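The following block contains the structure, expressed as structure tokens.
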Amino acid sequence: MTTTTSPAQAPRPPASISSAAEPRKRALPRTGYWFLAPYLFFFALFLIWPIIYGLWMSLTNRSLVTEDSEFAGLSNYGEALTDPQMWSSLGNTLFFTVISSVPLVLVSFVMAYLVYTGLKGQWLWRLTFFAPFLLPVSVVTAIWAFLFTNDFGLVNGLLDKAGLSQVGWLSDERIAMWSIALVTLWWTVGFNFLLYLSALQNIPDHLYEAAQLDGAGTWRRLFSITLPMMKSTTGLIILLQALASLKVFDQIFLLTAGGPNGATRSILQYIYDSGFTGYRLGYASATSYIFFALIVLVSLVQMRLAKRKDS
Amino acid sequence: MKYPNRRQFLQGALAAAVTAGAVGSLAGCGSPGASGGGGKVTVWDPFQGADGANMRGIIRDVQSRTGLSVEPTTLSWGSPYYTKLAMSSASQQPPDTAIMHLSRMPGYAPGGLLEPWDLELLAEMGVTEADFAPAVWKSCQYEGKLYSLPLDTHPFITFFNQDLADRAGVLASDGSIEISSPDQMREVGAKLAEVTGGSGISFGYVMDTAQAWRLFWGLYRQTGGGWSLEQGQKAALDEAKAADVIGAVASWTDGTAMTRNLDYEGGLAAFNGGRVGMILSGVWEVSGLQASQPNLGAMPMPTMFGTPAAYADSHSYVLPRQRSMTDERRRSVYEFVTSVIRGGGPQWGTAGHIPAFLPAQETSEYRGLRPQAEYADAGSRVVFDPPAWFAGAGTEFQNQMSQSLSDAFRGRTKPMDAVGGMLAGMDRFLAAPNPTA
Amino acid sequence: MASTTTSAVKAASAASPAQEPGLSERARTRAQKKREVEHLRTLTLGPGRRGRVAAYSVVAVLAALWALPLGWAVLSSFKSEADASAAPLKFWPEGGWTADAYRGVLAAGDIPLWIWNSILVSTIVTIVTVTISALAAYAFSRQKFRGRRWLFGLTLAALMVPPQILIVPLFDQMIALRLSDTLLGVALPQVVMPLMVIVMKNFFDQIPVELEEAARLDGASDFRVFYAVVLPLSRSILTAVSIFVFISAWNNFLWPFIVTNSPEIMTIPVGLGTVKNAYGVQYASEMASAMIGALPLLIVFMLFQRHIIRGFATSGMGGQ
């Protein structure tokens, strides 16, 4: 549903015929099921079935290490909702979502705007800002774990040279999550950057020209034309970013594994920990559905807001 | 819409190459059995650094001696390792054999993820019960069967700087330090502190997930205190004795006799830098400590509460349950493991671990290792974690116990409160459904 | 003054393509593009130097910050182990530059194998996903059958399902299907991407139906119409979706991490993240491994930058 607002760069059918979009109900072949069958097969096998099966698992005490399992009713859900560790990992996740989303949206806009203005060296800027997004997560964490090391890590090494004391970037409970957010900013900002860039390139020049004739300066043009034109894109990016941040796992798992002392444990890590490390697949399924409910809630709220805006 | 020819060519070439490769290899990737490799013994371990280098050296020796083909894989120590091991066993594609801490075995064997060792085949390969300390052998059993074959024991002991100890006048003529009560421990610490001008003994436990528990459980077992951890019931400890032990440690950590606020790395750094004269630590740190303080002395944890007991764990080999296993392959696996245990002891010992195979301890090679030989007899009085499914190395249980304990060690809570905190933590584990039953 | 120049530029850029017969078409479009960029630069940053200097400084600082981690990793990968972990920090290695770390990593490790696995898995995922999604999207766009609306609604709803919540049941399912620890087990659960179906349906919706009708009058079957008429018109969207799917599959960590156990089945993100060097953390080797792991996609990106950027802008909305 989000794609209906896709940006200008989206490929379009050949221009010569794209005007005639209306009369498509005439030819209606009846082989629809054959076209759909392969997709439906995988859809049912790897999406619908796991959803149903997972729901069933969440009502049992299914274990990773034993064969038999018993029906447990809603006890897994009850336990999860009363487990302070579940709530603290949920809290960590929300905290991460806030401290990562804000810079990810702001910085990506600044980058995109600067590149959009047509500065020379487009290829270089785009490569530099987007390249980290193409790195596998374990490459990202290997690099940053090295940068964050004590003594000979680049960050602490520079602090040392500046005569400041070293920081336990990943080992200090109060700082670790901020470090993770920093890594995430570096790694994924390129994605938002691209979305902004393609939306910016959609702004017709004549708007600026009109404003210029009205005597608006460059700052004025940014605030009264560019930013308002970016409103819906920004809304979309915020939603996508929030959903992506809520699903954080990879970089935390590889950098701190949820530590120190649980300070960076995200809800997905809690699911992994309880299901695979703690063998309790049934309980982990229940937690998955609690998390799913949260995701659905966020999506629905956003859809609601988007609809209101449209009408 | 047209692109330069070079690019079209590149695109085409890339697509063709990838497609050809994919089609070619699809046949291979569909068959899970192919992953094991023909006749190779696959083994997992969590050893990195000195341990890892030693283990790879031992494996190389075994390969050249026996002609076996062995494929070792090293994964991150701690819960990532055990999680992956359980997942591979559950998906019936585990390695042929793997290293497991003895303390983790009770979390695996009851679930049916492990096969017991065949004693007859072991005996045929020259490994029998008589070759191991009774305390260790007993802990390797579950329901009367042998599930762990121990490679080593690695107790929690005391290291000291012989020069500083000598200057402080606490070094006995046989090179040990006489400590037989908690008060004496504090006195030794205070004397060492006079020499160093700072603290006497270092113990890095703050923010650590195991150190506080290691010290506590060993000392608690010295008191002869019992425990009860029955699923679904309340946990029980001898609360008075537990509080005694905690109170004793808290009395040491006054910042003078013993450091108070050091984490694990800080504890090591203090000793390596010569700022303290003694450190409470696991034997696996011996290489690093010796590199900084060549005149390193060592002794088992002094008996301060009556009964000799040394907290320890053991790296042991287990057999994850396989979907299928031929006799020939089984023999290869047994031959590999017994070769490592019988022949690798002295080299394994260089990194601090005490070889579990007693004849290996008697070799002149191992006897010549200092200070390893000085604490080797700790291997005969080891105590392990309680055999509960949730306990053991790298578990959340150890972490929670350590948090309760370290608050009391630092004087933030009273010993009795820490005991209460530990019991409450144990109760939570006992109340949670046991996923291995 | 400013307004006259801009309108002059505008007029020139509108008129020029037809009036300069001597230049090749490409050179002309390039020249026009240049004028348009210059025009936009003036519009957004003003005609003076001040705006430009400020913009260049900010973008340069940001780019430097973003390049620094990778740059440092590259430098360190060409140092000896001792120099890479020298404290205090040294930028210039005492022992000189060396490619030893690369040699060691390539000789000892499974990295080439992991890269190969990643290529296989990403290729399988891309081919299967694009094929089944294109067929389904065409059906949703053009064909009438019972349950169409309902099934499409289901696909829309599936957008909200985070794949991460399915790992626990899928793990069990893979054991039952005997697919755990196989490349197919890594690949197949990744082929269900409802977003790609929707992206392609939106595209097909805009293709005028007359072309298909003409082909059908000539007696072409449904599949032939799809294959011979629709697909050739859809090359841009197929490229965009393929790129997006390939890169997502290449960088996927969680599912391949859950389903693989043997090092020889792992993909590059999983292998680098899980299998450890038995000889301890050696930073030059770590950085060399990381650079080798980073290289394939970076090379692909440099070759196909324009396609990739457009692919992400198109398919990316909602796909992260």
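The letters A, B and C name the chains in turn, as written, and every chain counts its residues from 1.
In this text, a contact is a pair of C-beta atoms (placed from the backbone, for glycine too) under 8 Å apart; a residue touches a chain by one contact, two chains touch by 3 or more.
None of the values given here were measured: they were computed from a predicted structure.
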Chain whose Cα mean lies nearest the overall Cα mean: A
Contact pairs, highest-scoring chain pair: A-C
Rounded Å distance, subunit A centre to subunit C centre (Cα mean): 15
Separation of mean Cα positions, subunit B and subunit A [Å, integer]: 39
Gap in Å, rounded to a whole number, between the CA centres of subunit C and subunit B: 43
Overlap residues in subunit B, where contacts from two or more other chains coincide: 80, 87, 90
Contacts with 2+ other chains: residues of subunit A: 276
Residues within subunit C bordering two or more other chains: 171, 258
Complex contacts: residues of subunit B adjacent to subunit C: 7, 10-11, 14, 18-19, 21-22, 25-26, 29-32, 35-37, 42, 45, 47-50, 52-53, 55-56, 72-76, 80, 84, 87-88, 90-94
Interfacial residue positions of subunit A with respect to subunit B in the complex: 61, 63-67, 72, 79, 257, 260-261, 273, 276-280, 283
Touching residues on subunit A, where the partner in the complex is subunit C: 1-7, 9-14, 17-18, 20-21, 23-24, 26-36, 38-40, 42-43, 46-47, 49-51, 53-54, 57, 62, 107, 110-111, 113-119, 123-132, 134-139, 141-144, 146-147, 149, 151-152, 154, 157-158, 160-161, 186, 188, 191, 194-195, 197-198, 205, 208-209, 212-213, 217-218, 221-222, 226, 236, 240-241, 243-244, 247, 249-250, 254, 268, 271-272, 275-276, 281, 284-285, 288-289, 291-292, 295-296, 299
Residues on subunit C engaged by subunit B in the complex (per definition of touch): 116, 119-120, 123-124, 127, 171, 174-175, 178-184, 258, 261-265, 274-281, 300, 303-304
Contact set on subunit B toward subunit A in their complex: 79-80, 82-83, 86-87, 89-90, 107-108, 111-113, 207, 396, 403, 432-433, 435-437
